[in-house]
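Per-chain residue numbering starts at 1, and chain names A, B and C are given in the order in which the chains are listed.
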Amino acid sequence: MKLKELAERLGCELSGDPDLDIHGIATIDEAGPNELTFLTNPRYSRKLATTRAGAVLLSSSSPAAPLPSLRCGDPHRALARALALFYEPPPRLPGVHPTAIVGDGAKLGEGVSVGPYVVIGERAEIGDGSVLHPHVVVYPDVKIGKNFVAHAGAVIRERVVIGDNVVVHAGVVLGSDGFGFVPVAGSHPLKIPQTGSVKVEDDVEIGANSTVDRATVGATVLGAGAKLDNLVMIGHGSKVGEDSLLAGQVGLAGSTVVGRRVMMGGQAGAAGHLTIGDGVQVAAKSGIANSLEPGAVVGGYPAIEASLWRRAVAAFPKLPDLLRRVRQLELGGPEKRSAET
Amino acid sequence: MKLKELAERLGCELSGDPDLDIHGIATIDEAGPNELTFLTNPRYSRKLATTRAGAVLLSSSSPAAPLPSLRCGDPHRALARALALFYEPPPRLPGVHPTAIVGDGAKLGEGVSVGPYVVIGERAEIGDGSVLHPHVVVYPDVKIGKNFVAHAGAVIRERVVIGDNVVVHAGVVLGSDGFGFVPVAGSHPLKIPQTGSVKVEDDVEIGANSTVDRATVGATVLGAGAKLDNLVMIGHGSKVGEDSLLAGQVGLAGSTVVGRRVMMGGQAGAAGHLTIGDGVQVAAKSGIANSLEPGAVVGGYPAIEASLWRRAVAAFPKLPDLLRRVRQLELGGPEKRSAET
Amino acid sequence: MKLKELAERLGCELSGDPDLDIHGIATIDEAGPNELTFLTNPRYSRKLATTRAGAVLLSSSSPAAPLPSLRCGDPHRALARALALFYEPPPRLPGVHPTAIVGDGAKLGEGVSVGPYVVIGERAEIGDGSVLHPHVVVYPDVKIGKNFVAHAGAVIRERVVIGDNVVVHAGVVLGSDGFGFVPVAGSHPLKIPQTGSVKVEDDVEIGANSTVDRATVGATVLGAGAKLDNLVMIGHGSKVGEDSLLAGQVGLAGSTVVGRRVMMGGQAGAAGHLTIGDGVQVAAKSGIANSLEPGAVVGGYPAIEASLWRRAVAAFPKLPDLLRRVRQLELGGPEKRSAET
C-alpha cells in the first residue's frame, strides 16, 4: 500500500514521499525501509534518529521526525486501524466439525464455526457468527450472544450467561466454583455450595488461563467492555465495572465491586467485600484492603494514595539510616545534658 | 418450600410467617419476597432494613431482624444446607462416552461417568462413583479413589495418587514437572529429573487452573481436607497440611511444609524449605521468608507478626514526614546549641 | 545397582560398602537402607546423623558423613544423572493416534508421536522426534523444531515459532493475544490488534498453565535455554534472555527485555518497557519498576539493591516505635527549653 493511501485510510497528515510502498508494520527497532513504525510511547522518541523504518506514525503534537511521517490526532486509534489493515486473523473453519459434540436441545446461530472436539452441552445457546476453536467445552444451559470467540481449551461452566462480541482466550475457565469453605472444629472445612453463576456482558475480552468463579448465589459479573489480561482471578460474587482494565495476574477476592473504567496494574489484588469507585487507578502489585472513592489513584500494600506511596517508598531505603540517626539524637540528648550539668 | 419446613430441615428457630413460600436463596441486595437471604457477615447488617427478601437466615446471637427470620447456632452450616436444598449440580452423564479412550489395563469402578473425549492412560484406576467431565486427561498408572470429580480439561500426570472425594476444577494440572534447574557455567541450566509424584489425600478440592508439581523424589502432598482456590501453585516436594485453606494465586516454592488448618490469603507466597506450623494465618499478599511457629498470625513481606505489621504499615505513609522531622531535629540541635552559646 | 557401579557412572568418589544394592533415590527423610539420598542443600546436613538411607551423594567439600557416601565435584550434576538412571519417563505412544486431526499441508517429522485428540492446524510443521500428548492444539502455520514435548492441553497459537528440544507442560498457552487496549472516552476500550507472534528458541522449558502473549508487532522471544516455572505470564513484546530462570507466578508486562542468566524469584514482576541486565537476581515477590544494570541483585517493591532492601525490611517493624521516639525527641526539646528558662 502506498503511504498516501495509508494516510487517507487512517485520516492522518502525510509528510514525505507519498508513493513509498508500505508492506507492514514493525517496532521502531525492527522496522525496515518498507515498513511503517509508530511512536506512541515518548520513551522511544530518541530512536527516531536511528530507525530504518520507511515511515513513522505519531501524534500530531510530536516534534518533527527525520523520516516520512503520518501525523494523527489519536495515534493509538490510527495504529489500531493500521494494524488491522495488515493483519490476517486465524481462519475460521466453516460450520460444525464432524467431531464436535452438540448436546440435545442446543441451539447454534447462523454462521457459527465449531472446531474439532468441541463439546457443547444440552440446551446451550450460541449466537450468530460465533467461533469456537478446537477443544472448547461449553457445559449445559449456557447462553452466549453473537460473535463470541473462544480459543482452544476454554471452559464455560453450566448456566453461565455471555453477551455479544465476547472473546475468551485459550484456557479460560468461566463459572468454576467459588472458594466457599468454612473451617469446622473436628472436621474438614465445610463447603458452601456455589449455586450462582457468571454473567459476562457485551464486548468483554478475557486473557489466557484466567478464571472467573461463579457466585454462591446470584452472579459474578463482568461489565460491558471490561478487559482482563492473562491469569487473572475473579472471585465469586465480584463485579467488574464497564470498560475496566485488569492487567495480568490481578486477583479479586469475593464480593468485591469494582467500578467503571478502573485500571488495575499487573499482580494487583483486592480483598473481599470492598467497593472500588469508578475511575480508580491501582499501581501494579498493589493490594487493596479498603474501599476506595471514585477517582482514587493508589499504590502499595495496603494501598494508599499513590503520590504519598511513592514518597514513602522513596524514603524506605533510608529507614536503617534514620534509625541510626534517631539513636544518635537520643544519645545526643544525654550527652548534651551531661554537658549542661 | 414453606419457611417452617425450611426451619425444621435446617434446625433453626423460626420467627415470622411459617407458611411463607421460599423458592430460592439470594444475596441481601438481590433477594425478592419469596427468597431467603442470609447474614453471615455483620458488615451487611444495616441492609436488613432495606432488603426485599422474604426471610433472613442469621446467627442466634444476632439482634432482632425487621423481617421473618431463621436463627441458627451455626449459620454457615445452615446456609450450606439451605443452598444444597435448592441447588442442582451439573448432571452426570451415565457410563463411558463412546469417544472416551480408556487405556489397556485401566480399571473403572462402579457407576463411573466418563465424558466425551476423556483420555485415561494405561493401568490407571478410577474409583466408584467418579465423574470425569469432557476432555479430562489421566496419564498412565494414576490411582484415584471414590467419588472423584474432575472438570473439563483437568490433567493428571502419570503415577499421581488421589484419595476419595477429591474435586479438581477445570484446567487443574496435577503432577507436572517440578522446577528443578541448576545454572551451569557455559551451558544451559541443568535439568534435575523430576522422578517423584503427587499424592492428594481424601476430601481435597483444587480450584481452576491451579498446578501441583510432582516432587524430585518422593511426593508432593496435599493433606486430607485441604482446599486450594484458583491459580494456586504448589512447588515440588511441598506438603500442605490437613484442612488448610489456600486462597487464589497463592504460591508455595519447593519443599515447604505447611501445617494443618493453615489459612493463606490470596496472592500470598512462601519460600522453599520452610516449615509453617499448624494453625498459622497469613494475610493476603504476604511473603513468608522464614519458618513459622504453630498459631502464628503474620502479614507483610517478609511476613512478620500481624499486629506489628499492621502498626508498621499504618506508620509507613508517615515516613517522608518523619525524615523531615528528624532532619529538623538534627538542625535543631545546632540551632539550639548556637542559641545556648 | 551396586554402589560402586553408581560411583563409576557418576564419576564420584566412593566411601563405604561398594556392594551395597541401590534400588532408587529418595529424600533424606524418606530414604531407606537400599536407597541413595543426597545433600545438595547444607540446611539439611544435620539430618545425616539420623537418615536411614543406604548412602548419600554429597559435595567433595562436605564434612565426613556417618554413612556410605558418593563424593562429587558437582553434586547437582551427579544427582541429575543419578535420577535419570532410575527414572522412567512417561511412555511415548508410537505414531499418530487415529483420533488426531492433522490439517492440510501440515508436516510431521520422523518418529513424531501424536496422542489422542491432538489437533494440528494447516501447514504446521513439527520436527523429528517430537511428542504431542493428548489434547494438544497447534494452530495453523506453527513451526516447531526437533524433540518438542508438549503435555496435555497445551495450546500453540497460529504462526508461533519454536526451536529444538523445547518442553511445554500441560495447559501452557503460547501466542495468545497481547493485552493491548487503549481507554477511549465515551466508548469501550480500543483493542490494538496483536499481529505479531512468539518465538521460542532451543532448549526452553515452560511450566504448567504459563502463558506467553504474542507481540503487537514483531515477536515475544524466549531465549535459548530459558526456563519458566508454572503460571508465569510473559507480556507481549517482552524478551527473556538465554538461560534465564523465572520461578512460579512471575509476570512480565509488555516490551520488557530481560537479559541472560537472570533469575527471578516466585511471584516477582517487572513493569513494561524496561531493560533488565544480564545476570540480574530478583528476590521472590519483588516488583521491578525501573531498568536494572547487569549483575544487579535486588529485592522489594519497587525493587532496590538487595542488601539495602534487607536492612530496610529489618528496620520496618521498628517504624511505629521510631515514630514514638521522634515524637518524644520533639517533646524533649520544648521540655528542655522550658527547663532552661
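Here is the rule we go by: a residue touches a chain if its C-beta (ideal position, glycine included) is under 8 Å from a C-beta of that chain, and two chains touch if they have at least 3 such contacts.
Values in this document were obtained by computation on a predicted structure and should not be read as measured data.
The rotation relating subunit A to subunit C, fitted on Cα atoms, comes to 120°, given as a multiple of 5.
Because subunit B and subunit C carry the same sequence, their contact can be compared by residue number, and under half of the numbers here are used by both. Between the Cα centres of subunit B and subunit C there is a gap of 24 Å.
Shared contact sites, meaning residues of subunit C that touch two or more other chains, fall at 117, 135, 153, 171, 209, 231, 249, 267, 316, 319, 322, 326, 329. Within the complex formed with subunit A, the subunit C residues making contact are 101, 117, 119, 122, 135, 137, 139-140, 153, 155, 157-158, 171, 173, 176-177, 179, 181-184, 187-193, 195, 209, 211, 213, 215-218, 231, 233, 235, 237, 249, 251, 253, 267, 269, 271, 273, 287, 300-302, 304, 308-309, 311-312, 314-316, 318-319, 322, 325-326, 329, 332, 336. Subunit A meets subunit C in the complex at residues 24-27, 30, 41, 43, 76-77, 79-80, 83-84, 86-87, 90-91, 99, 115-117, 133-135, 151-153, 167, 169-171, 203, 205, 207-209, 224-225, 227, 229-231, 242-243, 245, 247-249, 261, 263, 266-267, 284-285, 313, 316-317, 319-320, 322-323, 326, 329-330, 333, 337.
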